[in-house]
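Below is one structure. I have some questions about it.
Order of writing sets the labels: A, B, C, D, E and F. Residues in every chain begin at 1.
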Amino acid sequence: MNILIQIAYLAASILFIIGIKMLGRTSTARKGNFLSSLGMFIAIFATVIQVEAITLVDILICVIIGSALGLFIAFKVQMTKVPEMVALFNGFGGLASLTVALADFWLNTQEKGLQVDQITGISVAISILIGGVTFTGSLIAYLKLNGKVSGKAITFTGQHLINLLLLIAAVGVSVFALTDFSNPTFMIALAILSLVIGVLVVIPIGGADMPVVISLLNSYSGMAACATGFVLNNNVLIVAGALVGASGIILTQIMCKAMNRSLINVLLGGFGQTSGSGNQADGPEIAVKEVGVEEAAQIFDSVSSLIIVPGYGMAVAQAQHAIRELSELCEKRNINVRFAIHPVAGRMPGHMNVLLAEANISYDKLIEMDEINDDFANTDLVFVVGANDVVNPAAKTNPDSPIFGMPVLNVEKAQTVIVTKRSMGKGYAGIENELFGADNCLMLFGDAKQTITKLVGELKEL
Amino acid sequence: MTAESFIILLYILVLASYVGFELINKVPPTLHTPLMSGSNAISGITIVGAIIACNVLNYGAISKWLGMIALILATINVVGGYALTDRMLKMFKKK
Amino acid sequence: MKLGVLKESKEKEKRVALTPELVKQLIKKEFEILIEQGAGDESKFSDSDYIAAGASIASKSEICNTDVILKVNAPTLEEANLMKNGAISISLLYAYTQKELLEVFKTKQISAFAMDAVPRISRAQKMDALSSQANLAGYKSVIMAADALGKIFPLMMTAAGTITPAKVLIFGAGVAGLQAIATAKRLGAVVEVSDVRLETKEQVESLGGRFLVVEGADEVKTEGGYAKEVSAEFLAKQKKLVEDKIKDADIVITTALVIGKKSPLLVTEEMVKSMKSGSVIVDMAVESGGNCELSEFNKTVVKHGVTIIGESNLPALLPINASQLYATNISTLLLHLANKEGFKWEMEEDITKGALITHQGELVHEFTKSILSK
Amino acid sequence: MKLGVLKESKEKEKRVALTPELVKQLIKKEFEILIEQGAGDESKFSDSDYIAAGASIASKSEICNTDVILKVNAPTLEEANLMKNGAISISLLYAYTQKELLEVFKTKQISAFAMDAVPRISRAQKMDALSSQANLAGYKSVIMAADALGKIFPLMMTAAGTITPAKVLIFGAGVAGLQAIATAKRLGAVVEVSDVRLETKEQVESLGGRFLVVEGADEVKTEGGYAKEVSAEFLAKQKKLVEDKIKDADIVITTALVIGKKSPLLVTEEMVKSMKSGSVIVDMAVESGGNCELSEFNKTVVKHGVTIIGESNLPALLPINASQLYATNISTLLLHLANKEGFKWEMEEDITKGALITHQGELVHEFTKSILSK
Amino acid sequence: MNILIQIAYLAASILFIIGIKMLGRTSTARKGNFLSSLGMFIAIFATVIQVEAITLVDILICVIIGSALGLFIAFKVQMTKVPEMVALFNGFGGLASLTVALADFWLNTQEKGLQVDQITGISVAISILIGGVTFTGSLIAYLKLNGKVSGKAITFTGQHLINLLLLIAAVGVSVFALTDFSNPTFMIALAILSLVIGVLVVIPIGGADMPVVISLLNSYSGMAACATGFVLNNNVLIVAGALVGASGIILTQIMCKAMNRSLINVLLGGFGQTSGSGNQADGPEIAVKEVGVEEAAQIFDSVSSLIIVPGYGMAVAQAQHAIRELSELCEKRNINVRFAIHPVAGRMPGHMNVLLAEANISYDKLIEMDEINDDFANTDLVFVVGANDVVNPAAKTNPDSPIFGMPVLNVEKAQTVIVTKRSMGKGYAGIENELFGADNCLMLFGDAKQTITKLVGELKEL
Amino acid sequence: MTAESFIILLYILVLASYVGFELINKVPPTLHTPLMSGSNAISGITIVGAIIACNVLNYGAISKWLGMIALILATINVVGGYALTDRMLKMFKKK
């Protein structure tokens, strides 16, 4: 083993570490990606210079074909389709691991007729198993996101049992493969089994959970690379693979938390089956879109104009101080923040004024309904805090409504509306509010003060 | 593989995994996808294995073909992965 | 159509029914407007302001001759007699207290709308003069009490010692009560509140006040947001609870009204005696009998060392804002009922039905009938 | 040693020099205390409270015969003449305005301490009656103004329209001015402040007020925190700046004093004329000539439609708290200067030196001398 | 190499990692120390079982002697003398590294007469050099802290030059040693040189800076162990040594920051000469300890009683709302929070009351000076926000001070005091405040509002 | 030592150092001394080296004596270090 090549591999490993570290921060992410690609280049270069001249051509051809395909996909794909492309790439990586392990095994056992030692054998089996699962799992994820396979969770009874049996079968096959190296059937059977398992594990998962699945499969593909490293006795493969495997698990965990699921749930493959909001209200049910605090924070991060609409719920939650903090934070990010004060918001004339003054919100940010009502249409985001009747479009559209004829804030005209309240509970007038079911309306359930405090926390990290 | 070299590789595995765990702690949600994509590109390191496989194997043999397929796949993963990540990250240029 | 605004004749009244601002808006809708000379003086709107807004200044008799006569308080008998047959009068009539006046309206076929009878439904909120005036009264009650108290409201830790915060006890968390809570709280007082309606607890707390829960408060019936009369048993329990609190109070503000009835007696002479010398009571219900046994109508008296303010017309002490809001209320109602051509007389429509007292020589308002016939 | 507390004789004065609380504390230090009958009545401390605290009730002549006579205001000539030779008097003397009284003190060998002359050094803060009283005055000025104004302070967006917040303009950000800012701000007003000392800008802003920066304000000299007289040029500039602001103001509060001099004229008749009808001015400097040209001593007048309050003794309107704080101030000074055995007469000590006006038949206070000899 | 032993070493390495990680948090520190000692036991046990029976006795004797001495010192020493004991132990560790490397070298070259390869040779030299410096350096630190050698910085001209020359000599000697293994003189010379360098490097450093020096030497001793690992080709030595070496550097850096110094300064060995705070105020200079927001947050996390002392700076910064948030957060964590209100804090009577009321802080949390002054002694943490004169002990102790005689808050009696203000700027009275230099006082510089907002953010994450 | 095994050891060194760097980031000042003391005890790992040294060396030889001295010193470092750290940490019991 050439020492210079090893040092190059070491350098590549370090660059991968630094690269991943930097990818975790907005300000350094791009540089991190560059450093990691530099590491990859070094690793490849150090490997290529070792190859015999005769195979160099083959290798170059393969690399050129691969690069062309990779670049083509990377630059042609629409940005909205990124997750599925990541899934696809990831699948290729997994398949590559499987293939390399199989090739090495084939070469040694079938073509050279050698015995391989147990450790290498086990590594090959792991490589094949994980690589295979990664490949078909990623492929299904890709197809689901692409709409080519139903995004819904496809479930059938005994699913978990079948998966378990298949896994046992895979282990059994591996054991046979290890006891009799001369017979390749078992390794091939393992490969096929792993492909089947990959499909079955991902099929029952709903489309909305796919990002988590992809992240997990990404972690798997790292582990596959690591196992390949053991097969080839290659450090850089081990380091890079272990890095991706471990950091991928953490990332998956973080993503789970952001989606309100547990990692155990994910690891068992049983996620994606419980769906939607848990808030059952009586009366004609309004289908609402719920949003989490993190996502809400990202929406806040992306807008340039914001109108906050406080209502009685703000007073009940005593959320005025939290709101001030939120508005200050938004202003620091150059978001134009105003407050729309409905004349009868709250339970006494001037209720909102008292509380917002207490929280030291400057008077010139408070805009009367009549003045601001035309501005909603040009506003990116409206944040409704514990208001209900005063933003109920029924007052304009439904002559049977008890509030018909009362002037209301035209919040629904804005690009996006986020409403924070504890539940689908009604307001003073005791009527349903169709705003909450509107296409551009997202519900952020919870006590206004607590929710906004969390929102502020999230926003600070962006 | 000897037990000794295995143990050493195990050291490396353990330490690298630990580093992986420590590396990521607070990632803003906006970076979840790029990070995933970027580390996916790194997992394309199998390309090194694929090259080595291609090199030692004999022409015409199944192993050779497998190696070459692996190489193409790994290259797609690596090149596409990095390019895609970079494209994504370009859009984050803040305000 | 010709509208006339009379100068208020009631003692201590400083408000006016229309402000130049609203005159301008009504003139845009092609009404003709006459204002009695000096009508806005007390609320700082001069005749020239009105003229600038497009109104004409006229004498009382001229104004009584218009189609619609706008006032804050009910017209006097004299004014009513000056009005032409079939005229329309809009004011805070409190019809159930105006037996004689209603007779005049009936004989002269005058249609009278009572601002205080506008139903409290969502779309009528802009016409709700009771709310707009009660709101100001709530603020004013605290300011008056603060001025009368020989102490300051906020907690203050100074080199010369610590001044403890004033304790304010408020009865009734209606519109006025809530604004009183907010104002007292702003100034730094510790505020405790008693109300018969348990639903006000959350509202009180949303303003930083402490709600005194009377056991059995859930038995109280309310109708359209107004408290109906409560049981003697409940009142006894409430009294007991309050007796403890009142000893420490620096300021007591009572706002408990039951519409069309004598107001409940909440602060007895015994309680006043138990209070600290120098404390202040503001009785906002003094007009309908008072919540405090010792309060005197339109007077400030000192009894047992306690200053008892019995000002019946608190909004009139904030004439500028009070007139602004009342003018918006009354002109919104007017525009709802009429256009420049005349009144629509949609007799089955909620607001008309709720606010119209006499029409075509008859008393048409059910609630008023029921009270007057008792 | 025997201490005597006289009932205040000045018109409108409601304070008292010692409260029962402080009486108790002094008695623990073995002083003997006589209180004039009814001395605490106006500030709600009854004779029986004092007796319970350990004092005895006595007549005016008895009290004038004690060793140390404590008062809020300077003793009258009559009281001084009743005092025994060599007695000690402590009060808010404002010695430079009391030429005649000082003569009596000199002839009777009375040692007089002036509470208003206690130096404003850190360790004397507990004796600083000027601060403690000015602080209350600042609060009271806003409450009085709020009560006199026909509008409310806070911004309020209601169904019947929006009420814009009241605009308060305050001259002078000393102790009184700062507390006025805080109080007006609490009630929801928009507060603007003018002061000759630029260093107060930060302090004003720390309370949520807006500071009006006069160009050239850095030229003003200050001494020990007090503004010295400022240049005519500066005042002209300030006037110009303020003229614009005053037109929109609903309330103007002036607190600008220059010690031992006539207070600067800040609000001219022209400015008053330019103000909105119904606005209110509180002139806190009225005792030393007034900051407003039209204010009248101890009177509330309406001129050009503006209510001008010239109350000279605002702390007396909060007698309970004012007496509490003053009593702490005066007894802290007393305990600093004396113990039950008698006074220490450490003539070179800062506080004694600063506060002692006459001693052993002589006027020993340099500053007073310099003013009186002018 | 026995695989089980290697796995034991690996386990020990992992335990060291976990141990150090846990040592960094108050709640887990003790457990972390236990785990790391468990790792050490495993490593020792795995090593001992390999030894020949005949040497076992010697080893046991040595271990018993060493253990007895170690335990004796550890349990007899007064808790105030801990830092010097750490220094002493550290010195022994360094000397042990030196000795082991020398022994191995001696055995191979002198007794067995073998040639050793370059890498091993370099490792031996590094081991000796670092081990020696660690030994004498630690010894000097020990003596300085102990008062046996003057705690003052002992300086002379040309100091740095001499150190440099000695270092060059050491390198030179090493080169000679490596070229001619048969001659032990050079290695012995290197050992002596390293001992001298250790003395010279630490001698010029003042006693107050010793903790930083000890931490750095600790890091060095880790490196020495690591180098010994290379000599003996032993993984657990490398891992443990590298861990200590690297984490020691970081810890040193953190301690530097807490003491207001730069690491460069420390690494050059030139520290201890510039003294005290970076804030040059006129008059007698006060040396302060700075603290970062993160560390401050951790202190908040570890206390159970807190008194907040607001002053004029809170008003200037308008930090009242941020303070309310902080106090709420602390209460949620079961910290008893109160506010100590000095009667003349701020610039007008009741200044603090107005602002805290605005921020909705309940009246019963505000305690007057006279009532709370005795409680400071039983309080874990006092947080002084923009107050200065009102917490100045000079009012009690210095009769010449203009504020002498003014009652002040006894904040210095508390366990720990954190002061947040923008700089070493003076208060209204225009005088220095010795509180800031007190042993238990940490300065958290910055605008009060911004700092507290950051603090709240950090605290939320703990 | 062969270049190969050296490179592997280098991998371990680099990874372990990185782990060391990442391990410590925010340490409250109260823990500075215990952490220092605790990691000092870990650096007593030289004890393993000392034992190995003692083992292979011949009696009477300088190397043997050196090894035994090293062992005693290292033991003091390890045992004393852990005991002292634990004593310190006992005092931190929360609340």
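Basically, a contact is a pair of C-beta atoms (placed from the backbone, for glycine too) under 8 Å apart; a residue touches a chain by one contact, two chains touch by 3 or more.
Computed from a predicted model, the values in this text were never measured in an experiment.
Student: Which neighbours do subunit A and subunit D have in common?
Tutor: Touches both subunit A and subunit D: C, E.
Student: In terms of touching chains, how many steps apart are subunit B and subunit C, taking the shortest path?
Tutor: The fewest steps needed to get from subunit B to subunit C is 2.
Student: Same or different, please, for the subunit C to subunit D contact, judged on whether over half of the interface numbers appear on both copies.
Tutor: On the two sides of the subunit D and subunit C interface, the residue numbers are mostly the same, over half being shared.
Student: For subunit A, which other chain has the most distant CA centre?
Tutor: D
Student: Using mean CA coordinates as chain centres, what's the subunit A-subunit B distance in Å?
Tutor: 20
Student: Indicate the whole-number Å distance between the mean C-alpha point of subunit B and the mean C-alpha point of subunit F.
Tutor: Here subunit B and subunit F have centroids separated by 35 Å.
Student: Averaging over Cα atoms per chain, report the distance between subunit D and subunit E in Å.
Tutor: A distance of 56 Å separates the two centres.
Student: Starting from the mean Cα coordinates of subunit C and subunit F, work out the distance between those two points in Å.
Tutor: It comes to 83 Å between the two C-alpha centres.
Student: If I count partner chains per residue in subunit E, which residues reach a count of at least 2?
Tutor: Subunit E, residues with two or more chain partners: 13, 17, 235, 239, 318, 343-344, 349-350, 354, 358, 360.
Student: Residues of subunit D that contact two or more other chains, please.
Tutor: 125-126, 131-132, 135, 154, 156, 158-161, 163, 186, 188
Student: Would you mind listing the residues of subunit F that make contact with two or more other chains?
Tutor: Correct list: 3, 5-6, 8, 11-12, 15-16, 18-19, 23.
Student: Where do chains touch, given as pairs?
Tutor: Between chains, contact exists in these pairs: A-B, A-C, A-D, A-E, A-F, B-E, B-F, C-D, C-E, D-E, E-F.
Student: Hey, which residues of subunit E end up touching subunit A in the complex?
Tutor: For subunit E paired with subunit A, touching residues are 318, 321, 324-325, 358-360, 457, 460.
Student: Over in the complex, which subunit E residues touch subunit F? Could you list them?
Tutor: 13, 16-17, 19-21, 23-27, 29-30, 32-34, 36-37, 39-40, 43-44, 47-48, 50-52, 55, 58-59, 62-63, 65-67, 69-71, 73-75, 77, 79, 82-83, 85-86, 89-90, 92-93, 95-97, 99-100, 102-104, 106-107, 110-111, 117, 119-120, 211, 214-215, 218, 221-222, 224-226, 228-251, 254-255, 258, 289, 291, 294-295, 297-299, 301-302, 304, 442
Student: Give every residue of subunit D touching subunit C within the complex, in rising order.
Tutor: The contact residues of subunit D facing subunit C are 14, 43-44, 46, 125-126, 128-129, 131-132, 135-136, 139-140, 143-144, 146-147, 149-152, 154, 156, 158-161, 163, 183, 186-188, 276-278, 305, 317-321, 324-326, 328-329, 332.
Student: Taking the touch rule as given, give the residues of subunit F at its contact with subunit E in the complex, in rising order.
Tutor: Within the complex, subunit F contacts subunit E at residues 1, 3, 5-6, 9, 12-13, 16-21, 23-58, 61-64, 66-92, 94-95.
Student: Mind pulling up the subunit E residues that touch subunit D in the complex?
Tutor: 312, 315-316, 318, 343-344, 346-351, 354-355, 358, 389, 395, 402-406, 429
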